[in-house]
């Protein structure tokens, strides 16, 4: 059995097993995540050695059948999912078991893998529906009134988004007569086709929580449980961003109108998210608004990258997605631990005399460094790549915006970090460090991963440079 | 023979449609729930049965007739059951309203 | 042809009506209804596009069938959530 | 027929408007049900009987049952007067999107790529109904993910734990009703499942009919599928995804292609998968209606 078949089907089988055997759910889920990581690594190795790997399901050729294509971008996304997944599984397996977490998380994993590999728009729509439902379930797991309300709004917004995508796919069929990825370049050749593409992109903007259609997101991401928030913020929104990037890649010069819009929306999101993060009173809400800002940055990067047939600047966007996934997952896991130790997550209450900063605070600080984009983190490599390319192309105003966004992110993250890492006279002599937990290992591991990825950035860049299908 | 069945089928279908139209008119014009229900259940079932009979005459196949028979049976059954339930609910709530104040 | 055009107008109208309702109503049940009408409108537009001289293309038909099943699942989840939201409000 | 189609198309719109703008919630749901039936008729007129069957059974039938169950439990939101800018914006948006759709669909596009491919491939697919061939052979991966959507929906409902619907006994009609409906439902589901190979029908319609019959019987108090069978139903509901995924991998072991059925045996594979899916879909829909877990 090929790695591609296994990587899309194993999570779904694990979802069934975890639903059928709740007592063994954690063991099965952790095992499946580990296997998934091995498969992703092996697939990445194959792509590095022999270029894109493809598979026609049931031996039916596209457009009638559906093809899986594992190229460099898909490989990086699968690896991102696998790494974040490992940490989240570790945290969830060690923490208090919530019934229902594992089947939902496994369904999320299966949907993401299928989404990254599929090269058929309708198939991607169905994968989005699994992803949307599972993500809503993860939000609702918290069980509070706020979480339930946020879950309803999340599902409504997500469904509007996916129905807009479906409408775009229907019009794509009406214009080009097909719905596989080949249709994208055909769509860019006529006004009617561009309407179809614009509808798909509009749906994706809702699903990716890109400004100004991000209204549903901060509540959902901040009211979920920590492991769920990490998945939602680090991975689930990436599904839609990935497809936006893929459309930009497939369309080439013809998707310039989408990239221009995306750049403007991205810039707006970056500033709006940062402004709200500066004013947030609760830690989780700050991190959620920071996701709005970071999604804006990624969209901006996709938008200003220019025609992907001519420049490799889009790789910066992929790197930013990767580094944001690691750092943001680490941050949400760390916030979960901090809130657990303190009993609340008010930012003003992070200053405390009786408790020394623990590993979770440390993980938060490293993740913050990566999000701001200081060397040697992965966030730095992504931003550097982008700014370097923009200098060559003379996009000074975009560089100014990116730097402004960076300064703002440093400002809002330092609100937390400066309070977390206080020492010296502010801490009582009798203060204790919080005890180590597995959750700390997961958060710290991811944060270290984000840090080290900056040093090992050659690997994902080589992977991204394999010619896309 | 075939021609005759054809015309008979069309005639039956027209009659059935007339019944259904009558039922609709009744629901629209009649004043209270019970009389509406009265016209609905009877005219509705008869209308569907006539249309099914007409369709069977037109189709002239055993399999089609069998499934049409099944359709009629289901419509008659569900119509009667729901009609009964609605009426019962109405009577019960009316009597409980009389008792309570 | 004229029939197809009538159904196309109806499909576009359903989508328009649903979008209008979704943008103006805060009522949870109305949102669920609006999303369902939106999906039906999309299916109508797709099916009109699938019409050809040799009959209706089978692949979009399969898409719509899939869409119907997906939608009933999502509707069930939406309604369950809406019920719990209402209940939590009462508590 | 042109006049009929035009009236039907207009009636769909009117019913939708009634559903979306009704003041009374039950009236809104009733209008939605009427629209579902009209839409099923429209699908028939557009040459898609498979879709029409599914729409009548699932879109109008089961969605209608779900909506009726929930209508009185979801209180109406207090109506706040909206700013007229929002009304205007919503109107402009709707008209713009609707207009764009009509314009895009009216302009001549490329001919659909699928019909010639389907025509060539159907003889090899193991079934004669092209829609079933697409759903369970050419694009079976879509269908597998669709089953995963149902699984995810059930997982969400299990997390949310809604209140169980109220059972209102049918009184003296209970026994005769159950006696007729139960065998008819099973007969019809079996018929639809078998027919799907060569005529409109298939696992989804059959599963929905089975679930519909079971819901009617459950609500009437005639049988209590939920009380004695919740665990069994839960197992059945996940059976579909499990069987489909295992079959996909098993087929790859045999033929080297994911979901590639062995030559000559495609029909047997499809019927086996469809049978598992029918039971599983019925169980899933039933649990989506009654709630998968007892509340504590």
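Order of writing sets the chain letters: A, B, C and D. Residues in each chain are counted from 1.
By our rule, a contact is a pair of C-beta atoms (placed from the backbone, for glycine too) under 8 Å apart; a residue touches a chain by one contact, two chains touch by 3 or more.
Not measured: the values here are computed from a predicted model.
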item: Between C-D and B-D, the pair joined by more C-beta contacts; value: C-D
item: Intercentroid distance (Cα basis), subunit C paired with subunit A, Å; value: 29
item: Whole-Å gap between the CA centroids of subunit C and subunit D; value: 12
item: Subunit A and subunit B, separation of their C-alpha mean positions in angstrom; value: 57
item: Residues of subunit A whose C-beta touches two or more other chains; value: 64, 122, 126, 129, 133, 136-137, 140, 148, 151, 167, 171, 173-174
item: Where subunit D touches two or more other chains at once, by residue number; value: 101, 105, 109, 111-112, 114, 118, 138-139, 142, 146, 149, 152-153, 156, 160
item: Two or more partner chains touched - positions in subunit C; value: 15, 28, 45, 49-50, 59-60, 63, 66, 70, 73-74, 77, 81-82, 84, 89
item: Pairs of chains in contact (touch as defined earlier), listed by label; value: A-C, A-D, B-D, C-D
item: Complex interface listing, subunit D residues touching subunit B; value: 170-171, 173, 177, 180-181, 184, 188
item: Residues of subunit A defined as touching subunit D within the complex; value: 1-2, 4-6, 9, 12-13, 15-16, 19-20, 55-60, 63-66, 99-100, 103-104, 107, 110-111, 114, 122-123, 126-127, 129-130, 133-134, 136-137, 140-141, 148, 151, 167, 171, 173-178, 186, 190, 192, 195-196
item: List of subunit B residues in touch with subunit D within their complex; value: 70, 73-74, 77, 81, 84-85, 88
item: Residues of subunit C touching subunit A in the complex; value: 15, 22, 28, 31, 35, 38-39, 42, 45-46, 49-50, 59-60, 63, 66-67, 70, 73-74, 77-78, 81-82, 84-85, 88-89, 91
item: Parts of subunit D lying in touch with subunit C, wherever the complex brings them together; value: 1-2, 5-6, 8-10, 12-13, 16-17, 19-21, 25, 28-29, 32, 35, 39, 42-43, 45-48, 50-51, 54-55, 58-59, 62-63, 66-67, 69-71, 73-77, 80, 82, 86-87, 89-91, 93-95, 97-99, 101-102, 105-106, 109, 111-112, 114-115, 118, 130-131, 133-135, 138-139, 142-143, 146, 149-150, 152-154, 156-157, 160-163, 204, 281, 285, 288-289, 291
